[in-house]
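Take a look at this one; I'll ask things after.
By letter and in written order, the chains are A, B, C and D; residue numbering begins at 1 in each of them.
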Amino acid sequence: MSRASLKEKLPILITASVLVLLTLAAGLRFDNFLSLRVLMNLIADNAFLGVIAVGLTFVILTGGIDLSVGSMMGLGGIVAAELITVSHVHPLIALLVPIAVGGFLGWGQGTLIAKLGLPPFLVTLSGLFLCRGIALAISRESVQIEHPFFRTLTNWSVSLPAKASLSLGSIVFILVVFGGMILARQSRFGRTVYAIGGNANSAELMGLPVRRTLVWTYVLSGMCAGLGGVLFALYTSSGNAISGTGLELDAIATVVIGGTLLSGGYGSVLGTLLGVLTLGVVQTAITFMGTLSSWWTRIVIGTLLLFFMLVQKVIELAARRGQTT
Amino acid sequence: MESLLQLQGLEKRFPGTVALDHVDFDLYEGEVHALMGENGAGKSTLIKALTGVHPPDSGTMSLQGKLILPQSPEDAVRHGISTVYQEVNLVPNLTVMENLLLGREPRGPFGIRWKEMRERAESAIARLGLKLDVRAPLSSLSVALQQMVAISRALDVSAKVLILDEPTSSLDSDEVAALFTVIRQLKAQGLGVIFVTHFLDQMYEISDRITVLRNGKKVGTWNATDLPRLELVTQMIGRDASELERSDSVLADAALGSPILETKGLGRRGSVSEVTLSVSPGETVGLAGLLGSGRTETVKLLFGVASPDSGSLKLDGRSLARLKPKSAIRAGIGYCSEDRKREGIFPELTVRENILILAQVKSGWYKPFSLQKQRSMATDLVGRLKVQPADIERPIQTLSGGNQQKALLARWLAVEPRLLLLDEPTRGIDVGAKFEIMALVENLRQAGRSFVFVSSELPEIVRSCTKVLVMRDRKAIKELESGAVSEERIVQEIAGS
Amino acid sequence: MNTKLAALSLFALGAMFLGGCGSSTTTEEPAKTPEAKANTTTPGSAAGDLDAKGLKLGFAQVGAESGWRTANTESIKAEAQARGVDLKFADAQQKQENQIKAIKSFIAQGVDVIAFSPVVETGWEPVLQEAKKAGIPVIISDRRADVPDDLYATFIGSDFIKEGQMAGDWLAKKLNNKGNIAELTGTPGSAPANDRAKGFRQALEGKADLKIVFTQTGDFTRAKGKEVMEALMKSPTGSTLNAVFAHNDDMALGAIQAIEEAGKKPGSDIIVVSIDGVHDAFQAMVDGKLNCTVECNPLLGKAIIDAAAKVKKGETLPKRTVIEDGIFDQSVAAKELPNRKY
Amino acid sequence: MRRVPSWAWAAMVLAGVLLFNALFTPGFFSIVIRDGRFFGSIVDIFNRAAPVGLLALGMTLVIATGGVDLSVGAVMAIGGTIAAGLISRPGETPFAGGKPQPAMAIPVALFGSLLCGMFNGLLVAVIELQPIVATLLLMVAGRGVAQLLANGQILTFHDSGFAALARGATLGIPNPVWILLIGFVLFSVLARKTAMGLFVEATGSNPVAAQYVGIDARAIRFAVYALSGLCAGMAGLITTADIQAADANNAGLYLELDAILAVSVGGTALAGGRFSLVGSMIGALLMQALTTTILTRGVSPEITLVLKAAVVVGVCLLQAPAFREILAKRIRRAPAQ
């Protein structure tokens, strides 16, 4: 393995091994933990988070950030629900609208960031407020979705042995992860994203379409957030304006756990998948434990995150020392 | 010869200055056209106008008779204008092959074809006579190799115009030779090359014509053969060059006292080893050697940026395990880095703050200088070093590279260190400023200050150093006493013969 | 060297994880005074507790967003411990997705009964379908969930709409159907906020002289309740105000402070009505600053575990187990205050 | 040539908001004296802006070093809980053996929040974690710690001395305003009357170069996070004293975002380098003026969110050179036609 790929793969290897160890430890400790059903739940329960994290990965790879994804998911969900139950739009169309809305809002944010040079943190923070405001303006109350075709979609799943099943949301999540991996690795867009994260100024001087690519990463992130809203609507067969509150922080955490640097340039979609699964395993293990009070849950999650960062740091330092000798 | 590129009446204003004042310029097919001028003369602005970084306010550009107006580097590349910059403008996190082919990767139905990409990258690298693993990340390469990759990238474009903006400042002579070979091939194919450099030898070796800019205006265009060196320098600085030559004072014998800094067999694993030197008041110790021979690493050890793991270090006769920048500064040692962008300037801060910050650190955070004192000190230094523009309240990032360098030097002069470590202080600086800086160093030396001086230009070392430490392969191999210092001798030592 | 380091750290993580599980049961159990424990288990616990020993109950709580919620959690935990129930407690930190995850993992763990307090009304059908398929009965507590009847065994808890109505009725009577009311609403979009607002408006229907002149969110918190009231007191609307209706006690307590600071007397100049019935609210009624609070009893522990034991035995329960919400005004506050432990 | 201060745009928008109120909100500018203190909407703006203002003071320095502190809201909760815990009723005090210790409340609470800040400083400056994630940890876990300290209860107390911190007034001006003013003066002296401000800016502008001129960037980074923690603790004390209760779950919730907005609206770039404490104060006042206006006028909460987004983007746009250039071109072109 050349040094390049090692440096790129090391964080993933770390995350992967910690994930495996964590799963095994929990499996030894709790009955029924190591089952196909729990694994499939892990994917199904985190599908919307995962899809959003994949979109966010591209933004973070450019060195940017998107704080609007959580409330954009809420907006997506309520838009889909309203369209189906109130406006009686066919679900097939209604479920595409949130993706378009997310893409459009992402385009707006991306334009402010890339073309006018506003800081991503502020623009997307405003986006967070804006989306939540619009979502609440559409409906303060959560909306149950009743539609035969929609019901078919929510109930549709591939049956697997051992009472496990693969829901539509899980399949979409897996497809998005694959799509994201291919986009990051095999497309010019993806490589430009990495180049921007490495050094935006140089990338521009190299004649790469930096601004356009930046706008597209926010469009992509917005579309993923909209899709996340759709998946959440499928997952709960309802839309709720306040769903996804604080989800942006979870998404950022999963991306970072997956080894993507917030400063941009290094990281991968596969890592994000691992990050999502890690956070999921931690949460599942805490539920299986079933004895932690609310505050201990927070403290334990925080401590595990800290531990994760420290391990990454130690290994990064060791690797760097290894490189100079 | 056919005219390839024509610029007419180009004008570019920045707040407070006119960077380009109705400049005309033309480039033929198959020629190397040198663009010469002092720092701030407008060379960089002209190039940025051409490459779409800063589109001009007025004026026209035409390429092969067609009007063009690049609005972005991307645009310029599409028109066939390819550029290599003085500072490496590549992305460190990606591999060499990606840096070579970003934006024009070979693609198939499943996206990028990595195998084909690797082959193309390898052949492009081989063209410059280099051998390296194209799958390695760019950040693992030395600055010189990175620059070669940048050049290779620029050549790989099917370009009509190639702009070389001081591409050679980090290259050694072999690499420059390889580059020139390729440029000659490209010339033969009809490519037009615009070449910016401060190395007069290199410029005369490769250029067909010379255009000189001064203060944003065009002074004139000459055939290279019609413009002798002295005349060129005179045109560039607008004064008589012989006047400057005189300031090149004769070296007085080193005034000696007890050494300020002494090292014995100092080294650091993976960086540099066996550095033995001593610097006494009134000495200028030169560090000569090729790029990558460990000169910068040595200076960093002396300043305490990196800590040594072998050998010994004595400061004013006292043994120390290591220095830290803070304690080095307190002891009167200064270090002016070669990498001014990364290790020197505070881009958003004003020239005044950039100059005064060091003096302030030295006097302590609780004893701030009054604004008046800061202004008078900064104004004085800016005047002495002729920093242009002389506005001390301007953010330093708005100055040209050479003027930033002068401001950084001013930063150190403000604290009057006993020993100043200068790493390539004259790189990227115009001839006039170079002389000024060297004269300043010599004056201070005669006043009893000492210097460690790193430079790639042997004439500078020979002219200003009382003794020279020659480095090769990350080792200090020979110390030449003042009587033995000569260009031939240094070259012999570097070559190991 | 780095591989060794990595292995070491991984080992440490595993050790911490296992260790953490072992010790957590002892460390997180907060010390309680004996009478507090007695009180949390007593409501209605007459003789003959149903045998619930060994029952495996999964409970998915909303979070710990208020003192009310903590009392609710404590009541369930204490009851479970007293009766030997194997309680799996999960905290959702106010997020629906976390609660769904918890319920799904209860299903995977194979608990006997699942109970939960829905974060929001909608969105429970798919996961409850799953529980039904797995043959695990579900008890919904505290907040309503908008699902078909066949998906849950029973709903135990208060009726937010009714609470709002009770508050509205009381206020209408107190004001003789005439006056200007300011409403401090809960977190926008949350079920109690939506329902209490709805119920309150139902009570006011047809009373043309009783008007809600101002409505603004106080996010269920004292600080925000105070800030909103403070701003309102300075506006022209503020001077015409006869009463404040707050969706919970905390906001009312904040509002009372703002009214006082504006130089008016809460409780007489401006009537204050709220919902929940926490200890501090009773104290405020004793002090004459709060007029009335509609109790929303958080001590559901016994009822939930009774119901769980019954469902496990195969008994069919009524779809609705109503916890009677009392309404308390200043006349009974002093007597009731010592009984308030949450 | 004198340059326009970076906070000019925020000040303009603030003036706009006040002007709007002067025209459309009756009684907004009326000030009466009640119980020996000034009373009115304008006073409220200053009074309510104090917590965010204090957070913004610490946050300004943190942002100037190129970092960010997401944990301040949680640290507020911790500080408030410690103080309330030490003075709540006997038997309900969760620590100090159940005995109230009112004299210790303020110093211990501030010390506790200082420790939180130092923890962040340790993670960012010494271990060199990325500030967003490093402070995210305490943001998640800190509120848990506060709830743990309070056993998940809202700790109520009756201590007029402590309550005066937020509810009292000196010379007619509410105490929080004084506290903010003192904090602002202290920070300004530290930043501008010593060279500390310059060193902070240098650290944020170019950390490597800062090391090369002998600035201990690590110590400075550590110090700004510690200070930010301290400011958050003070803000926590004010909000706790204000409602005479410590609400571990809600105290300072999302206030870190308001503080960041205040700082950046005030002209301090999120990338680090130049900072403006005056700007941050104006930013905090702007955010609060907006909130007070909305509350006074009874605008519905969803509009509040949209309005906030609009103001932030608006001020950012005005600050952005690229946008100003486009605007200037439009204006220049207009009379030519």
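Definition applied: a residue touches a chain if its C-beta (ideal position, glycine included) is under 8 Å from a C-beta of that chain, and two chains touch if they have at least 3 such contacts.
The shown structure was predicted, so the numbers you read here are calculated from the model rather than taken from an experiment.
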{"item": "Each chain counted as touching chain A and chain B at once", "value": "D"}
{"item": "Most widely separated chain from chain D, with each centre as the mean of CA atoms", "value": "B"}
{"item": "Chain pair showing more contacts of the two, A-D and C-D", "value": "A-D"}
{"item": "Interchain centroid distance [CA atoms averaged], chain B/chain C, Å", "value": "69"}
{"item": "Centre-to-centre distance between chain C and chain A (centres being mean Cα positions), rounded to whole Å", "value": "31"}
{"item": "Chain C residues counted as touching two or more neighbouring chains", "value": "30, 63-64, 70, 73, 188"}
{"item": "Multi-partner residues of chain D (at least 2 other chains)", "value": "147, 152, 269, 301-302"}
{"item": "Interchain contacts (touch definition) - all pairs", "value": "A-B, A-C, A-D, B-D, C-D"}
{"item": "Chain C residues touching chain A - in the complex, by the definition given at the top", "value": "1-2, 5-6, 9-10, 13-14, 16-18, 20-21, 24-25, 27-28, 30, 58, 61, 63-64, 70, 73, 87-91, 93-98, 100-102, 104-106, 108-110, 120-127, 129, 134, 146, 187-190, 194"}
{"item": "Chain D contact footprint on chain B (complex, rising order)", "value": "16, 303, 305, 325-326, 328-330, 335, 337, 342-349, 353, 357-358, 360-362, 364-369, 393, 411"}
{"item": "Of all residues in chain A, those that touch chain B in their complex", "value": "2-5, 7, 182, 185-188, 191-192, 194-195, 197-199, 201-211, 265-266, 323-325"}
{"item": "For the chain B and chain A complex, residues of the former touching the latter", "value": "51, 53, 72-74, 76-78, 83, 85, 88-95, 98, 102-103, 105, 107, 110-112, 133, 135-137, 140, 153, 269-271"}
{"item": "Chain A residues touching chain D - in the complex, by the definition given at the top", "value": "65, 112, 115-119, 121-123, 125-130, 132-137, 140, 249, 252-253, 256, 261-263, 293-299, 301-303, 305-306, 309-310, 313"}
